[in-house]
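Here you go, one structure.
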Amino acid sequence: MPINYYIFLSLALFCIGIVGVLTRRNAIIIFMSIELMLNAVNLLLVAFSKMHHNAALLAGDVATTAGTDGQLFVFFIMVVAAAEVSVGLAIIVMMYRNIHSVDVNFLNRLKH
Amino acid sequence: MSITQILFWFLSIVAIFSALMVVSSKNPVHSVLWLILTFFSISGHYILLNAQFLAIVNIIVYAGAIMVLFLFVIMLMNLNKETEPQKHKWLRIAGAIAGGSLLLVMVAALKDTDIKHQQALINTGGIGLIKNLGKELFTTYVVPFEISSVLFLSAMVGAVVIGKKE
Amino acid sequence: MISLLLILLPLLTGLAAFFIKDEKLVRTWALLTSLATLVVSILGLCCMNETKYLDFHSEWLPSLGASFSLKMDGAAQLLCLLNTIAYPLVFIAGWDKTYKNAKNFFALMLLAQAGMMGVFLAADALLFYFFWELALIPMYFLCSQWGGEKRVAVTFKFFIYTFIGSLLMLISILYLYGQTPDHSFNIESFYNIKLTSKQENLPFWLMFVAFAVKMPIFPLHTWQPDTYEQAPTSTTMILSGVMVKMGVFGLIRWLFPVLSSASFIWGDVITLVAIIGMIYASLIALRQDDLKRLVAYSSIAHIGLLCAGMFTQNASGIQGVMIQMFSHGINIIGLWIVVDWIERKTGTRKMSELGGLAQKAPTLTIFFLIIILANIALPLTNAFVGEFLIFNGLLSSFTQYYVWYTVMAVVCIILAAAYMLRMMRKVCYGEMNERTANVSDISRNGKLALGLIVLLILAAGIYPQPMLDLTSGATDSLVDKFDLIRKSLLK
Amino acid sequence: MQNALQIVYLIPLLPLIGFLINGLGRKHLSKSMISAVGCGTILISFSLSIWVFIQVKGGNVHTATYFDFISVGRLKIPFEFKIDQLSSLFLLIITGVGFLIHLYSTSYMKEEKNEHFGRYFSYLNLFIFSMLLLVMGGNFVVMFMGWEGVGLCSYLLIGFWFKKHENNKAASKAFIMNRIGDFAFLIAIFWLIAKLSTVSFDEIFTAASLAKLSTLDITVITMLLFVGATGKSAQIPLYTWLPDAMAGPTPVSALIHAATMVTAGIYMIARSNVLYSLAPFTMDIIAYVGLATALLAATIALKQNDIKKVLAYSTVSQLGFMFLALGCGAYTAAVFHVMTHAFFKALLFLGSGSVIHAMGGEQDIRNMGGLSKKLRITFITFLIGCIAIAGIPPFSGFFSKDAILLSAFIKNPVLYGVALFAALLTAFYMFRLLFITFSGKFRGNQEQEHHLHESPPAMTIPLIVLAILAIIGGFVGIPEVFMHGGDKIGEFLSPVITEQEHHVSHATEYMLMGLSTGLVIIMIIFAWYKFRNYQRSEATGFGKVLENKWYVDEFYDAAIVKPIKKAGIFFSQVFDTKVIDGIVNGVGRLLQYGSRQLRLVQSGQAGSYILLMVISMVLIFVIQFFIRK
Amino acid sequence: MNALILSAILGVILMFSGILLKQKAAIRNIAIAGMVLLLGVNVLEMCGTVFFNVHTHGMIVFDRFALLFNTIAFASTLLFFLLSAKDMEKVGVNYAEYFALIFFILCGITLTSSFKSLLILFLGIEIISIPLYILTGSDKRNLKSNEASLKYFLLGAFSTGLMLMGIALIYGAMGTFNTISINVFTEGKPSLLLITGMLLLLFSMSFKASAAPFHFWTPDVYDGAPTVFTSFMATIVKAAVFIGFIRLFDEAFGLLRPEWKLFVAIIVVATLFIGNITAVFQQSVKRMLAYSSIAQAGFMMMAVYAMNTDAKEGLLLYTVAYSFATIGIFAVLIKMKDYSFDGFNGFAKHQPLLAITTTIFLFSLAGIPLTAGFLSKFYMLKATIAAGNNLWLVIFAVVMAAVSAYYYFRVIQAMYFKEGDAQPMEVSRSFKWTLVVLAVFIIVFGIYPDLILSHLYF
């Protein structure tokens, strides 16, 4: 597959995530949009990893492991995302406990 | 058009459509479900790219664990269409335009890169297999791997600090 | 070594003063130590030309190319002398005053002295900047803590004004540092910088603004009347007597020798501005009712002349400036002592509420008169020598419109006579009123301080040659530099 | 061996010592001590001056250099005294007249408090010191020291009675107007330095130096010096301070504002005659200005009622004559007139002082009358003074004034005509003064009449001495037509003053003398006729204009003083506070305003934060990928 | 490496100490002792003694720059503990956990200062960020704290997304995460992917460093977080981010400097402008300090912009000056009842010593000579001028520095010249002396910075 397709796909997903962050007020949905962004990155990384692998193969290196690091990076992203989710949801729940809402627009005590 | 190409297009369309549904659904529960669909289609892409380990992990960790956690929280808070806060129309439009123009700009910038003729290897290639990844992870990447334990520890401590009743 | 001593003495004694609780003791301490510093600076005069006793050099930040080096040439000696003379005078004149938190007051005063001394002696640009700011900070506290009603806001304005100026100077210093052949802040390296006159413009203006604010030159002067009015008078004496000389000294040691061709090119414009400022300030002084403001504006006029004199860039003008720096310092301290006394005794500074002091305080009146006469540059007083040389330099300078500049500048001595005599007339002459009827003549310490000032005025006015000899070395090297530049530019 | 004249520094030093003693000891010394010190020092100076005069007469001319006053680069200004014919003559006049006036003052000022008595004498001594510095100075700078010094003393003495505001104002006015002149003087000095790098007379007035100066230079320098002289010597346009200066004690008016200080300008121009001879344009200006001043002041004097004011305007007028002489190149005549004027004007002032003393401080002549009976000596001496000033032979004024008129005639007969008219007016107003004061009936009040008495000897002796001098003073300058070699003064001054030979036939000279003398006598008779029985009346029409001094003061006030004051107010209240400080504070306020507005961006909404971030990202991408390419 | 491992271990120890020990003083003492130990082992590593010899495959390299910064960070943290550890008690019940989290953050800081791989950078930043989200929200009942925490979290996660996208694009272009390998010279124009990725990294790093226009979280978070933790995150953490920043742009994107120079300059200007101007009108000292930290970030960004030896030395000095001064001010601020400017009125009368030290800290922040703050700003300006034709940037920075004096001096004015009754709070003797030591450090480094910088070269 041409790598451009993957780039565009990832960018599309990434920007949809950004749009989600920008258009929603529900903290959970915003957070989900961010997860979507991370997934777009993951997809791109994997695609690049395969691209580099392909390039190494084409260069004649049959036993190459080029591209492994890209996939491992995805693994680490997932790790971090998992950790982030646990903390993030904890924070959202904490806030919900206090104001009984997940609306980020409620969060405007701190300004100016 | 080969089957892989058909699959690619299909998965891509599903991914984008469900992603759009994630951000546009009024009901948060629906959003979660659409997001899970997105993740599945991305996992499908992984399989297509022969990144089997990541495809599995993606389904287990993201679709399985993370999204269930989301779902739990949403259920816990009893969020639904009625309680869903709505942004002001103009702000939503502004957000969409900003995000859209970011996409436009980036696509325009990246459409002519020097790697645009390169191909991503589909179906074949062994780097995405558990064996290879595991070997790398526990040799070259062992230090980051250990470090990520610190991350988890801190997340754990954090969750306790935040979640514990006083 | 002497230069180091001159800085360390006030610095350490100043720090020590923070810990002296007893007011009387701290006052004595301040006076004695300032006298000791005076002795050291006189010692410096005795071993003139013996640079090994005067100068000091030590490593400081080799990685930056900055060193702790002090240079005491004639100009520096003269200003150090002014600095060391001014302090005992101020302390003597303020002997009978009481301050809240006296220890802090005297300590900060001495620290300011150390800062100014450093400015006069530093032979390293970074060090110079250090001391430049160091002199400012104690002043900030002094003025804000012990001043008049609006002191905080006014002092803050003063601070911000000079702070911006000095930061701009810092840029200039950094830029020049980048151009030094050996990447050093040392003054000699700065003197060796080769720049085209176009390159010199920006650093020139950046640095000049810093000095102009400090002096101050119209139109950057508006901090000055307010500050002089609001600051405690002892501080005002130091501010106007010594501190403003930092700006002029900066021109002498840092601006002109380093950025000579820009100084030459912009000399015309700056002289014009300075002279307009002189007339402007004189006209304002003519209509002031508040004594402090009057003296403040008169000071602006005089400093404008100093600036114009510097830009004559010939021996006469620059020598005149050197002498005049000293003279102006002494004279204005005298004026402040009198004004302070009047304010303390009568409770007002408004000339319209005063009058007839000559009957009650004849001694004061005589001193006041002599100081006023010195201030309007009557021959045989110190200021005449300086102003004479400056005017003379102006007329024989190479600026294009030198005749008109001279004429305009000399007009100011007419105006000076007008406003100074107006002050004399309104304050000392005429009938007494209820405010002035009960005053007594000036106290013994005031007499001592003013007497010393008058002695200095007359001595320097009758036989100024020693001072001229002292500074001639510094002047000559500057003038030589200018002659070279002029020749190369006019070619 | 050192020149004997090296010790001339004693001449100014003694008065200086007197000043210091009297000044510092004014509270502790008795009045007689003060008088002794004051007069004694001057007397010794006078004796020394005579000795110096004799030395100079014997041909010993010397420039005594003491120390370097200022030495910068090529410019060397030594502290030096130049003793030659001109300065030695002035030394005599200054110390001589000065001594007499000191003597007179011991009595005149007796009523003052001890402290003020001492102060008065110290000022007077300081004045003599400054004046001596002025005439002895061997270069322009030393001269300038004296020049400003006498201005200062004049200021101090005019404002001697400082309780009265008018006195102080008059003092300030005198000083400032003098400063305007000094300003020009200074620039002239700078010009000389710029061109010649020296200020010493000995070096400037040499052919070599003069050759270095262009015509323009010489014209500018001489004009500037002349402007300086108009300030000190009360010429148009800077004369208005002198009449006001009469606020000071009368002996001061006699000494400073008649005999000595105001003649400094003449001295200076005479000193620089070498330069002036090369500047015909300046000479013309000087002649016209001098003449105009003589005429203007004479017309004003016609209608003045204050005894001292009349004398003041007369002084201005006489100074005008002197400048006329200078302008005509008759330097000797001018110096000669300085000398005779010093005698008779000092006499007149001291006489008027005697009158004022007798009248208990009254100065308005309309309140006097018939004083000749009570004040015999004063009257006679005053009469002598009047005759001398009117120019009736063989009194001193005749010779000097005649020399001036003659020189004017040589230059231009029209000048002569106008000058003669001014001279006639002089005779008229002086005798008007004399008659109103001394003849007719006493018009003052009872108390004053009772108080009337002749002054004590300390006052009358100087009067008598001066009267004698006023009579015989002219004999040192008898014109050639009367006596060959009679022009002693011209002969004496000839080494320092170069004059063109004049070519007038003896017949013309006789005719001119006869004409002026005759007309003067007619004027005196006219005055006698008109004022022997004076009745007070209000001035009307043109007389009012004259009484109000042509409204010159008012004109200056409106044209110069007021605009300057207005500018001061505008600058201080509008420009400085509103514009300049307004900009400075405006920057501060702008900062505050900007701060208040900018912090609104920090809306507290996380969504808007991200939106702004995304927008800035888009912008940066656009710049990078589409604009920079 | 010593510090990396030990800090993780110490984190774990403190985590458990909360369970085992009930006395807060004991926990605190352990933390302080641990901190001393950490500092000690790091200094030992600087002297050449490495306890743990772990092969990192070139992903982490502890060079002198990193070690020196770590020392600075640990020393700052130690001072922070000494001054403010007691005040953490007031935040909430999880006393030991706070220490644990701080140690974890320090672990992240060692990573951020020494990474050679983008992966490590990412992990380091995350290890710093995640505990910070928690610390920010640790005052659970306080809605401001909640709000700050959530905002910080959402925005932080968003910026993480940007950073990852950037890393992904760079990976696409270069096929590696290793910084050195990224920084290779290519003929012609550099890859668009690389540039885009670099810009995205620039954005996300700017975000973490609170540089405009990515600074928006800073005032709210610093204001809302418990003051003790604001102190920590505004100083040590921010400094670490900058070290990572300069390292990234030096080692990975050094050759791309022509591409990013302009944007960094824009960011510098924007940061200086927004930080300083907005700080002028603040009424609360805490919030003012938040904006001032943005302003200071602008100055630190100048190091990134200049990217030469001076810049690196200067940045180290800057971190010292800025961290020490800000820790000191916050330590005093924590003790105040009223965080507004008026709350400081008359402070000098009641606490002259504290007032003097606070004044020195403020001087340092304002960049007055004789304090380290001056020399650090001086280094920044010098580096920027040395970097080439950009006097305008320097002049702008300097004008903004003058503006900064305006708001810093408001505090001094309040303390010294305004009548008021600033609550004399109870301060222990040791607190005072620690502050004095801090002030002395600031002055000593302000006179003789080579005390620190000389360690960079041997």
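Note that the chains take the letters A, B, C, D and E in the order they are written out, and that residue 1 is the start of every chain.
In the analysis below, a contact is a pair of C-beta atoms (placed from the backbone, for glycine too) under 8 Å apart; a residue touches a chain by one contact, two chains touch by 3 or more.
The model shown is predicted, which means the values in this text are computed figures rather than measured ones.
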**Request:** Starting at subunit C, find the fewest moves between touching chains needed to arrive at subunit D.
**Result:** 1
**Request:** Enumerate, in label order, the chains that touch subunit A and subunit E alike.
**Result:** B, D
**Centroid comparison with subunit E (C-alpha atoms), farthest chain** = D
**Prompt:** From the centre of subunit A, which chain's CA centre is farthest?
**Reply:** D
**Item:** Chain pair that, of all pairs, has the most C-beta pairs in contact
**Value:** A-B
**Fill in**
With centres defined as CA means, the chain nearest the overall centre is C
**Asked** Taking each chain's centre as its mean C-alpha position, how far apart are subunit A and subunit C in Å?
**Response** 66
**Message:** Can you work out the whole-Å distance between the CA centroids of subunit C and subunit E?
**Reply:** 43
**Item:** Intercentroid distance (Cα basis), subunit E paired with subunit D, Å
**Value:** 77
**Centre-of-Cα separation between subunit D and subunit A, whole angstrom** = 97
**Prompt:** For subunit E, which residues are shared contacts with two or more other chains?
**Reply:** 119, 123, 126, 130, 133-134, 137, 140-141, 150-151, 154, 158, 169, 172, 192, 196, 219-220, 406
**Request:** Among the residues of subunit B, pick out those that touch two or more other chains and give their numbers.
**Result:** 87, 91, 94-95, 98-99, 102, 106, 109-110, 113, 115, 141, 144, 148, 151, 154-155, 158, 162
**Request:** Quick one: which residues in subunit D touch 2 or more of the other chains?
**Result:** 599, 602, 604, 606-607, 610-611, 614, 617, 621, 624-625
**Item:** Touching pairs among all chains present in the structure
**Value:** A-B, A-D, A-E, B-D, B-E, C-D, C-E, D-E
**Request:** Would you mind writing out the residues of subunit E in touch with subunit D in their complex?
**Result:** 150-151, 154-155, 158, 162, 192, 195-196, 199, 203, 207, 213-214, 216-217, 219-220, 259, 262-263, 266, 274, 277-282, 403, 406
**Request:** In the complex, go through subunit D and note every residue touching subunit E.
**Result:** 591-592, 594-596, 598-599, 601-602, 604, 606, 609-610, 612-613, 616-617, 620-621, 623-625, 628
**Prompt:** Which residues of subunit E touch subunit C in their complex?
**Reply:** 313, 363, 368-370, 374, 378, 381-382, 385-386, 391, 394-395, 398-399, 401-402, 405-406, 409, 413, 416-418, 448-450, 453-454
**Fill in**
As the complex stands, subunit B meets subunit D at residues 87, 91, 94-95, 98-99, 101-102, 105-106, 108-109
**Item:** Touching residues on subunit D, where the partner in the complex is subunit A
**Value:** 599-600, 602-607, 610-611, 614
